[in-house]
Every structure is written in C-alpha cells, then in structure tokens.
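Just dropping this structure here.
In order of appearance the chains are A, B, C, D and E, and numbering begins at 1 in each one.
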Amino acid sequence: MQRIGVFVCWCGSNIAGTVDVQAVSDALAHEPGVVHSANYQYMCSQAGQNLIKEAIEEHKLTGIVVCSCSPRMHEATFRKTAAAAGLNPYMVEIANIREQCSWVHKDMATGTEKAIILGKAAVAKVNLNAPLTPGESPVTKRALVIGGGIAGIQTALDIADAGFPVDIVETKPTIGGKMAQLDKTFPTLDCAACILTPKMVDVAQNENIRIFSYSEVTDIKGFVGNFDVTIKKRARYVKEDICTGCGLCTEKCPMKNVPNEFNLGMDNRRAIYIPFAQAVPKVATIDPEHCNMLKNGKCGVCAKVCAAGAIDYKQQDEYISEKYGAIVAATGFNPISMDKFDEYAYSQSKDVITSLEFERLTNAAGPSSGHLVCPSDGRHPHTIVFVQCVGSRCASCSEKGKEYCSKICCMYTAKHAMLTRDKYPDTEVYVFYIDVRTPGKNFDEFYRRAAEEYGVKYIKGMVGKVSPENGKLHVQASDLLADKQLHIEADLVVLAAAIEPDKSARPLATMLTASMDTNDFFTEAHPKLRPVESPTAGVFLSGACQGPKDIPETVSQAGAAAAKVIGLLAKDKLTGNPCVANSNELMCNGCSSCERVCPYGAITYVDKEFRMPDRTTKVRRVASVNEAVCQGCGACTVACPSGAMDLKGFATKQIIAEVDAICK
Amino acid sequence: MKKELEAIQSEVIRRSGVNPKKCMRCGKCSGTCPAYDQMEYHPHQFVYMVESGDIEPLLKSDSLYQCLTCFACVDRCPRGVEPAKLVEAVRLQVVRRQGNNHLKTDSIPALIDEDMPQQALVSALRKYSK
Amino acid sequence: MQKITADMLIEKAVSLLEAGTISRVLGWKKGEFDYDVTPYVFADAESLKKDFVFDDFCGANFSKYLVAETRKAEGKVLVFLKPCDTYSFNQLLTEHRFDREAVYAVGIPCEGMADINKIKEITGDGISSLTSKGDKIVVDTIYDGEKEVDFASVLAERCVSCKSKKHVAYDELMGDEGDITDSARFDEVAQLEAMTEDERFAFWQSQLSKCIRCNACRDICPACTCEKCVFENPESPVENKAISDSFEEKMFHIIRAFHVAGRCTDCGECSRVCPQNIPLHLLNRKFIKDINSFYGEYQAGAEVGSRAPLVDYTTEDIEPGEAVMKGEGENA
Amino acid sequence: MQVNGEYKPLIVAFCCNWCSYAGADLAGNNRLAYPENVKIIKVPCSCRVNPMFILRAFQRGADGVIICGCHPGDCHYTSGNYYTRRRMSLLFSMLNFLGIEKERTRVEWVSAAEGAKFAATMNEFTEAVAALGENKRLEDLRCKR
Amino acid sequence: MRKCSLDNLQKVFALIAENASLYLPVDKVGGAVFEKWQEGTSYSNALNTVRSAKDFFFPQTENMMEFKTKGKEIEVVDTRDEHEDFVVFGVRACDVKSFEILDRVFLCEPVDSFYANRRAHGVIISMACTRPSETCFCQTFGIDAANPGADISCWKTDSEIFFEANTEKGEKLLSSIAALTEDTDEAAVEAQKAKIAEIMKKLPLAGITPDKFGGGKTSEFFNAPQWKELSQSCLGCGTCTFVCPTCQCYDIRDFKTNDGVIRFRCWDSCMYSDFTKMAHGNIRNSQLERFRQRFMHKLVYYPENNEGIFGCVGCGRCLAKCPISMNIVKVMKSLGGEA
C-alpha cells in the first residue's frame, strides 16, 4: 500500500479563484492510500517545494500527487523536488486543475468538484505507480550534418571546433549551398563568396570534418547517441583523392551544352564539371546523363587529358555505414516553381526571372560576368520591375503558393533594387509590394536607403499581369495609394518567389522519425524554448529546413544547434525515458503484432525456455523490448492481444484506475 | 438606412460566400482587372468597402455594371477572396431592390452590333436581369 | 458426401508412418454416434484403422492441437487440412505459433460439412445411425425409422457461405484443387447493417445475453492462441469469469472480436461450438467486411507473413467518423 | 450520468501528451470554456488507447468517449495516430453494428495549437452526447447503484 | 391424480402465475430455454432446455453482499434477493434428479443459505419424457424418465395433461389449481409409462452402466492410462460444466463498483486453468488433471461421499454441446463402463 501525499496548489488566485482548494485537499485526504493532504499558495515556489520535501520525510511518503497547473509546466519541477527528498521521481503525478479546470470553468462549485475528481484520478494512478529508473545508453561521439549549405557548414565547424568529429553529407558535388550562388548579402552588402568561401576552406581543412559530397543519406536506424546511418556516395567517376581540381578536363570535354544548374540554367557547362571556382571539394564530377563515354562508351577525352589519372569510368556508387551520436538536419530551401503563376509570363519570356536568377545575373562569376542584361537578347534593361510576394502569403485555399511569409524577399529585393540603381543609375526600378517587412538589425534603414537615396520606386500594390509585347514586357499593376492602374513597359521583371523546404526533407524526416509541419518544414521540439531541436531525441535543426530565415539567423541557429550537439556528445552516457514498453514473457505468445507496429524497431524476439506449471519446460518465442530504443508511444500495448505488452508509467491498470476514478 | 445597409452588407457576404476579411490589401485584383479604367470603384476597393460597410456608394455606382465578370481577380487573388463574386452579389442586391431589370429586354436590339458575340448577349442578360 | 474417403486418408497416413516421414497423425476419431467426431492424435496404423474417420461431420479444426503437438519434439505430425483449415494454418504460421518443419500437411478436398442440428430439425431426435449416400444422408431413428435428407439442405451455415475450396497451404494435396468461391458470406452482416440502430441493439442484446461465458468460442478459435487470455489473467484489469448485468458478455465478445480482427480467417468455428447458438461469426465477419471496405480486400491466412490490417496503415486511411458511416453499408 | 437528479453527460477524453493534451492546456490558457463533465486522461499517444479503456469507461458510467491525438502525419511517434485511426474506425463501426449510438464515440485530431478547436470539439461533442441521453446500451447496472 | 385438457393449460399457467413467478421451457432460436410465463407464452415441446434447470437454485452469478466505501469507511450491505416464490414447470426427470445431487452439496452443513432459500421458495413441476434423444442415458443412473418426480409429476398426452403431487408443496399448488383440473384414474399415464419403458430399451446408450464406478474406486481409476488420450482432445472450455445440471462448483469474486465492492459468486469450471488456484499456485496444472477431476468427481468422489449416488444424471447435454464431442459416456466406456 502506498503512502500518498496530496499537495493542492492555489496558483495565487489562478486556481484558488475558481476552486475551493481547502475542499479539494480535504476531500482527497480520505482517498485510499492518502496519508497527508495539504494546500499552499504556490507549490512550485521554493517554499512550496520545501513543503513537499518535508512532508515526504515526515510522513514517509511513497508517492505524491500535486494538484496544480499542467504537467507540461511543472511536472519536471516536482519530480526533481521528489528526487531531492529521496523519492523516486516517477512516483509523482500531477492533477491538472488549472489549465483543465480552474481556467475553463467559472463556477466555484463545479470547479471544485471537477478538481476533486481529477485529484482522485491522480491518486488512483499513483496507487499503482512503481518507481522507475531510466535506462542508460552510450553515446557515439560523432555527429552527422545533413546538408552542406551555410547552415550545415557553420554547425559542422562549431562542432568540430569543440573537438568532435563531424561528417557533412551534401547531395551536390560541392558544399556551399544557396549562399554560394548569391552576389551580395543584405544589409551590409558584403560579397557572399568573400564571407562564405573562407568558411568552406575551413571545413575542407578541418581535421575533424569529413565531407561526403555528391552523397545522400539512404538509411537511418538507431536512436539518440547511437544512430546507424548509411550514406550513399554516388559515383562521380572521378577519384576524389587524386583529382587536383585543375579543371583541364572541364575545358576539354566536348559535351558543351549541358544546362548549368549552378547558374540556374542560364548558361551551359560540360558533362564533366566543377560547379564553381571555389568549390569544396574542388573535384570534377562527371554528369552521367550527358557524358558520351558513360552513355555510349565513346569519347574518353577527360581521361586522356587528366594528368593525375583521376578519371574512373567504372566507379560505382559506394555505401558507407557510420555510427553517429547526433544528427543535424540542414537541408535548406529552394524557390518554389513558378508554374502556377502564368500571369507573370515566367514561362513565356526569358526576361521574367526569379530573384535567385537575378543574383546569378549580377554576380561577377555568373553567366553574364556580372553585367545586368536581359537574358533574352543581352541588352541592357532600362526598366526593371520587381514583384514581391510571388507565392508567399497565399491563402491555403488558393492552392498556388505558400501560406507563410518567406521572410527574406523584402530585404533581398531592396538589395537588388539598390544595387541596380547604384550600378546603373539610368535604370528605372519599380518594386511592387504588399507590405515591406524589415524587422532586423539595420534592415529598415537599408530599405529606406533604397527608396530615399537610390530612388527605387516603391509602389504599394501588386502586378496583376505581365505580357510579352514587341520584345518588351507589358506590366499591368495597381497603385493602391494613387488609386490608379499602372501600365509599365519593362525590360526585365524579377519575381520574388516564395521559398519552400528542399524536397529531400520529407524522406529524411521519415528516416529520422522526426515530425514536420504541413509545409514540410521540420517541427521544433518547442517553438520558443527548444527551437533547434527536433522532438525526436538526438536530431537537431539548422537553417531554413526549420523555417524561412536569412543568413545571420541561419548562422546563429546553426551555432545553437552545434551547441546542443556538443552538449549531447560531451556526455558519456544518456539516460533514457523510463516510461517504456515491457513485455511479460510469461504471457507473450510471440505473434509479432507488437513488432509490426513499433515505429522504432525496438522489439525483437528471443527464444526462451519456460518452466511450465506442470513442471515441464518449453521453449517459446517471446518479445523483448530494447528500452534504449523504445520511445514509449504504446502502440504495441494495443496490438498485443494477450495483454503481455504494457507501458511503464502508463500501464493498463493505471489508466483503467484513472478511468474508474473519473467515472465514479 | 444604416440598418438597411447593414442588412445589405450581410446579405452580400452571405450570398457571395466571400469573406472580405481575408483580403490583405495587395491590390492584385485591381492590378489584374481589364475594366479598371472604366470603373469608379476598383475591385480592391469593392472588397474593402463591403468589409467596412461603406456600401451606399457602391449601390449607386456604375462600376457594378462595368465588371466584366471575367474572374481574373478571382483566379489571381492570393488569398482566395474572389472580388468578382462580391461585385456580382452587390449587383444582384441593386437589381432586386430596383424591382426591375437594369436592361429591358426590349432595349437590347438597339445595342447590338454585328460583331457582338452571342455569348456576350447571353451573359449580359444573365447579368443585367433578375 | 465427401469425395475423399476415410480409407484413402488412412492409407496415406499409414504409408507416411511406415516411411518414417511422420510420427503421428492429427485426425478425427469415431464417436459414440455417427455424427460426433473428436480430434485425436493417432500414433500407429492400428489405431488409425480402428478409429480414424472422415465423413460429413469432420468440421472441427486442429489449430489448438497443432500448436500443442508441434511443441513436442517427437518428429513430424501429419495433419489433414480442409481448404478452410489451411487459412488458419497459415495464420498460425504468420504468428509463429508453431514450427512449420514439425508438420506434414496434406490438403484434402471438402464438400462442406453437415450440421447435425439441421438434420435433427428434419428427422427429429433419436438418431440411431447416419449414412452418406451420394447427395443424400440416410438417417435411421428410433421413432420414425429411416429418413433421407438432402445433403445440401443440411449443410452447415458456415459451409453454405464457404469462402474457398482452394488450399493455401500443404505439403501434399489429395484429390482435386478447388477455387476461391464467390460466396455471399457478408449478406447476413449487411442485413444487420440495414436495420435501425435500435433493432441492431435489440438483436445483439438478445443474442449476447444468452452467453454463459463457457469460453468455447475462444478455446476453439484458431486466432485465440494466447498463452493466457486477457479475460483469464488475474493481472489484467478485465479478467472476468462471469456474465453479469449485461455488460461483461458485451465486453468479452467485442474485445475478443477486436483481438482477432484482421487475424480471423472466418472459419466459423466460434458459432459452431457455441452451446447457446449465438451467431458469433457475425461479429468477426463485420470486422472482415469493414476491413475489406475501408482498407481493401484482405483475407487472413491467404499468405504466410502478410501484414494484418490492424498492424498496418496508410497515410490516406479513412477517418473514424466516415468509417462508421461507411460501415453502415450500402443502406446508409 | 446523473448529477443531483439531472442528466449531465460524462465525457472521458483520452488526449495524447504531445498535441491534444497541449491543445487542452491552450484552451485553458485562453480561458475557452467547455463543460466541466469533460475529464481528460493523458496518454503518451492516442495509440495507447486500448478499446478496453473505452468500454471500461462506458461500463463505469461514461456517456461519451472521445480520443484526441495529433493530426495524421504529425504524430510525435510518427505513426501512432495512424494505428489509432484504423483501430477506432473498426471499433466504432463495430459498436455501431451492435447498436451502440455512434454519436457516443469520436476521434478528433487536435494539435497543440488548436486550443479553440479543443474547446469547440468538447462543447459540440458534449451537446451531441447530451442529446442521446444516458448511456444505457453499454452500462453495467452494478456500477449504477 | 388430476388432469386437465391441454386447451386449459394456459389457464392453469395463468392461475399459478397469480401467486408466484412461473417459469417454463419456451422455444427460442437455438433451442428451448426457461422463461417467465406471461400471457401468451407457449410451452415448448422440446425434449430439454439448452441450459439445465439448476439456474433456479444456483444461478450463474449471484450477488452475496455489498461493501460500500466512503473515504476510508466500509459499510456492509445485505443485497440478498432469493426470497421470491416461484414455480418451475416442465422439468425433466434428469434435471429433477440433479436437484437432489445439488441438495446434498448445498444443504449439508454448513448449509448454503442462498441455495436453501431458493429451494424453499421454489416449487418444481416435472414432466415425463415421451421422446428421449439418442444422447439420453438417465436410466444408467437409475432415473425413470416416465416417473419424473419433484413436487408435482406431470404426463402429457396429445390432448391432456396429468398431475400427481408428490410433496406437501406439490399438494398445495395442485389444490390451488383444482378449479381447472379434475380427478382421473391412472390408466392413460400407466399406458404412457409402459410405452416409455419400451423406448428406453431401444436407446443407443441403454447399455452404459455405472457399476464399475462408485465410492472407493479412486485408486483403481486415478492413474488409468486412458486419461491421457481421453484428455488430449479437451480444449479446456467450460461448456460441459456450464450446461451440466449437476456441476456445482463456483468461485467467489469481488467486483469493484463505483462506490464499493460487490461480492458475488459465479459458476466455475474445473476445466479452467485457474480453477482452485490458490496462493501457492494451482493444484491441477495440466488439462489431464483437470479433465480427470471432472469425471472422477462425478463417477467416484461424489458417490463416495453420498451413499453411492453418482454425480451425473444422464441428461446428455454435454454430449450434444461439447465442441469436440468428448463426454462422460466416452469416458465411461473407455474405462470399462459398458454392459
């Protein structure tokens, strides 16, 4: 029989205003097992906690019930309190009489009655609680960063600097990500390459970092501290360790007309290529789709010109298995497709471009060597129209774009407009906006400078239609403040396309058993308090895969994720959640139902010898739970017809005791 | 009068099925409207005026009949507000309240020229009569 | 009348025994009357010849015996499987309830089994002998002498709606292989679905209140092979022995049906053995019908290792609210 | 369930720890009222809810049972609510087949952000159960003395 | 001896039902059951009910008392309800005999007051069997289907029904329906008895004899090798015990209500794995032991303690209902009980 102490919190007037706390503690004092019942103004305060500690000692309590706010608020607090007084923390149950009682009911009588019933349910449960001890598991001191953009780079560098080995897996032939494609960065206008490429070099040179470029993660098993990951290193047909990155092959390759994805298809590359000059690793890659040698067995020019002998047409995909203690998702973003925005004539005219294409056009290493030209004919554009919120802030019912604000467009559009006016004062630049959102350090100043000093014409309104006419673009738009419809003959239209998570994020989330929101952004464990952690233990989030963000934000989140990873890897052992499934082997009939529903693969089967009541022995196949892997969802408990599978902390008997108490 | 206008407002909202509160004032409807120049009140203003209850001027405005019901605004509105349906709903209110049609069937032949497509006739009849 | 005779099976069993392929035979033993057969483990040719029987009354399935016998390490057991038995056989294998290597399975054709109660409805009580004769059964009674009944008219209910004459598991097949039949086995369920809620409740209240909790349905059920049933386990909060105040029997039958949902092969044994003649198979069939309609056709036991619908899901599954409406059938 | 001679439906709500229980908390934070006869039992995941719990609740005097979990696709354990969805689809269809009023059982997906939905769902469900009257068809007379 | 026309039977029922609840076999889907008579309820012609008549004195579940708890206080509440007068009509000879077997258990010291009260308040009207089934073997245990006994014996012909009171209770009841019955000689009944006797000889199980069994035979049969093969088919369900008119084992259990505990008893079956499970475990751990217990009890232990009376009445219910057709007849035969 338990000796239970009940502690009813007033929460100032939050509870006591609607619940007669004295009546609650009096009523619960008569419940079976209860030997002490008290109430106090603020149970979570130091004084309140001391009250609990003293009672545990004085009344030799074996379990306590705290009637207070939601367990989501203070369950951990009271568990620590209990532990400090020598009581197993899992002998604590919380009756939520604030969020689920005093705050939703107005009448004192009903509130009090409900609080008593909730208290009784908690007492009934504690009566069946058993002390639980979390299991321990070792930590593999190596981290995996998935995605080699600025987010992944920064996370990897920070982890490596703390002395832990890190692997970066990047699907592209080089790390660098979107930032490598940018020209300048707002609001300081420093050149993206100038600040990014040194970091890329740092990564390459860091002894603690391995880069798996042109690779992808194909399988993840295991759990926090002990992930088993399979990485598919795609064949690039070039021996990475031998290639010097001299680039001769990329000049001699006869396949000249491969669209260059780095420049968003605005120019061409060869079948063997290095994405850009500062690529890391600076190694050539053969594009098997376009290489004549790989397709038809004819050519072999690159092998002939390669002095190092790095070309290997027979190279195969390689699968690497590695163990990691922590995984960071840094899969980044992409602009959305413009397919559904036909009104802007993106598919009809080469002179309608996205902002990322604009970045490449103005980048000195871009297809036009930094000269701002119309992609259709190379002429200098005199009138440029920027359209904001293309696909951002769309109602879900419109099914065209995204409901969220893409956050970065206002600022990069201001940057583009400003840079254009700075470099080409003869251009007319219009920016059509719905709202200009500039909450960031020096952001609004930047935007105002574009409008005030650089003469960018900011027009409140939207472009309704763009139509190519006589080599020009006829832009029809509204100017809401002037209450006019505008008709502009533009040379170039730049669309600030909404951004969305990379397509690889969804399958990765499935492998990680990490949750995602409806937009396929990774969900954080807590939107405010745990913003860089996934709810799945050991999985962390860095950069735009968690939500739209700019470079400074990405870098700070990347650092934060690294700090969390370092905190994890610094531990030798992890203590798990003790509320895990356990199988009563005597009852288990080995039917495999539980194994099939377990999302974590925590259940395996073993043949065990049993001594039967009739003094014979028999060998039976029974389920066995890996407590370090089990996350305690309880799916197995219902799949099990014989009731052999139960969940510690949420045992069938405990839940039924609660049901009984509530239904009295 | 105020009461009556409120009644019209709620009737317009109910009949059109449009929630003008969804409008984020981007003006894309007006940017897209082919009849913009003919209209006294433009699509985005329609939405705002219905939302704010400023319906009286709309009832008197010719804009009601200038809307071509081409649905470009409906197609392009990023928030799914559907301004054309609002215009139609206001128009219907006016037509009903007048007790007669905006265009009499008899007066139609005079307005027809040879190039007018059959479709336009039918849609005009639908639009201008009860 | 069965196309295969006891003599043919005895011959097969004896030859396998003699060849050393098997050490014992799980079969049906002659009873007191011509209609009461008992599952029995025959260990030698002599007892087989004396007592082995196969006739129109060999309905009882061998699942429980198979689980028990294969745990004895004494060589292989020969088991004769009618088509419906093979589904249970596979389902037990899927759930690792016995070692396939310990069994030699011989598939035998089945023309359906007769229901003695149906026969008695025609002939009355006092049966002194029964003989199958083509498509007739000749019944001799102490009151009215000899009577002939059509085999088809006394076919057990579960055989009338037989789902398959095809064997899905065997080491060896005797006779001709049949086909999966296009049975109307869900008609009864559909009729109940078509009733009003009140009518359905009245129907089941009157049926389930007959239950005496003898557990025969559970103990014969090939899917109920738990080491210890939750209703019998003192550790379980639902452990219960008695029927009482009209709740416990509902709890028992709902939970039992739920536990075997997706695993029940629709063998119909539960209804056959119920001493109170409760149509328990309708509960299981309701689940099967719903599973087919919600998640696509699924036949438990058709394939070893198939994933039962309740331990599976798709992200597009029907929502419970819609499911309940859909579960009311075409009539909803 | 009778309270002072008046019928007040007793609703047992099983809420998953990660979404719906938090949603209920949010309803509380926003002071969104719902009937006091809604009593919440926390489970780690909606897939922890055994049909036995539901029947037990009815046996002991509940008039309605609702299971709340994360929206499909959002389960903290990735797949728990998908199993819940299948299990409850079949169970509730079976209860309906037995003539138990289908309005007494429900599954609702309530996210941690949907405090308003939680309160609205509870109000609506309570009303629906209230309209049915007391649970007679799954009652246990021994519990009603 | 009294008689009345079958046309008047409903009137007799109505008259009896004025003073006590009257139960009689009624045809239902799936077999006859005892049901309370109401206007229009018709008497079944079935040979026997699916469940035996023991329910009237020894119901499947019976509340014994209730504990109400309030806080930490307990109040004991008497919930007994076995004091209602009732009449059971149409009980067959086998079931009538079963009451004697139950009486010897429940009415010996210490007397089971629940059972005793029900016995005291119940009047049994029996009915002779004219068409026994092939599963009947009551004669094995010296029961005369033609002389069913109990408080009142009845015989039914095509047009009439004959009553003969055997006890004081029976006399009283019979006199209460005197207005609807008339005196008669015994000729018709004697003719029927003779006819029944002829039929009994023809029954297939007529040759089964209990002579080999009885008190003092424990050592002879306990370790008989036959138990192994007899029990191997047994599924361990409780069908035989629950349809049996003489099985009298019960379990006492507590049911937790919303405000206390109901202590009730319910039928138990020696075939169940948890039968007689005690703190140290179970005394009969294999199905063989449990199976043997049931038949040894009926054929050896019971007669040993009850002057040679066997614990079986040959009603044949277990023969008809066992899922795998294992039954006492097969056991007796296997152990040598065939003439």
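Details
Operating definition for what follows: a residue touches a chain if its C-beta (ideal position, glycine included) is under 8 Å from a C-beta of that chain, and two chains touch if they have at least 3 such contacts.
For clarity, every value in this text was computed on a predicted model and none was experimentally measured.
Under the contact definition stated at the top, the chains bordering both chain A and chain C are D, E.
Once CA atoms are averaged chain by chain and compared with the all-protein CA average, the nearest chain turns out to be D. With C-D and A-B as the two chain pairs, more C-beta contacts join C-D.
With chains reduced to the mean position of their C-alpha atoms, the one farthest from chain A is E.
Spacing of chain A relative to chain D, judged by their CA centroids, is 32 angstrom. Centres computed as Cα averages put chain B at a distance of 47 Å from chain D.
Taking the mean of the C-alpha atoms as each chain's centre, chain B and chain E sit 87 Å apart. Along chain E, residues 255, 258-259 each make contact with two or more other chains. Counting only residues that touch two or more partner chains, chain A has 597, 639, 652, 656, 660, 663-664.
Looking at chain D, residues 51-52, 56, 60-61, 73, 79, 83, 87, 142-143 sit in touch with two or more other chains. If you check each pair of chains against the touch rule, the ones that pass are A-B, A-C, A-D, A-E, C-D, C-E, D-E. Residue ranges of chain E in contact with chain C, taken from their complex: 29-31, 33, 47, 50-51, 60-61, 131-135, 199, 202-205, 229, 232-233, 235-239, 241-243, 251, 253, 255, 264, 266-269, 272-274, 319, 321, 323-327, 329-330, 333.
The touching residues of chain E, when paired with chain D in their complex, are 66, 255, 257-259, 262.
Interface residues of chain A facing chain E in the complex, by the touch rule stated above, are 30-32, 612-615, 660, 663-664. Chain C meets chain D in the complex at residues 189, 192-193, 197-205, 230, 237-238, 244-248, 250-251, 254-255, 257-258, 261, 283, 286-287, 290-291, 294-295, 309-315, 317-321, 323-324, 326-328. Partner chain A is touched in their complex by these residues of chain D: 1, 10, 12, 18, 21-22, 24-25, 27-29, 31-34, 36, 39-45, 47-53, 56-57, 60-62, 73-80, 83, 87, 119, 143.
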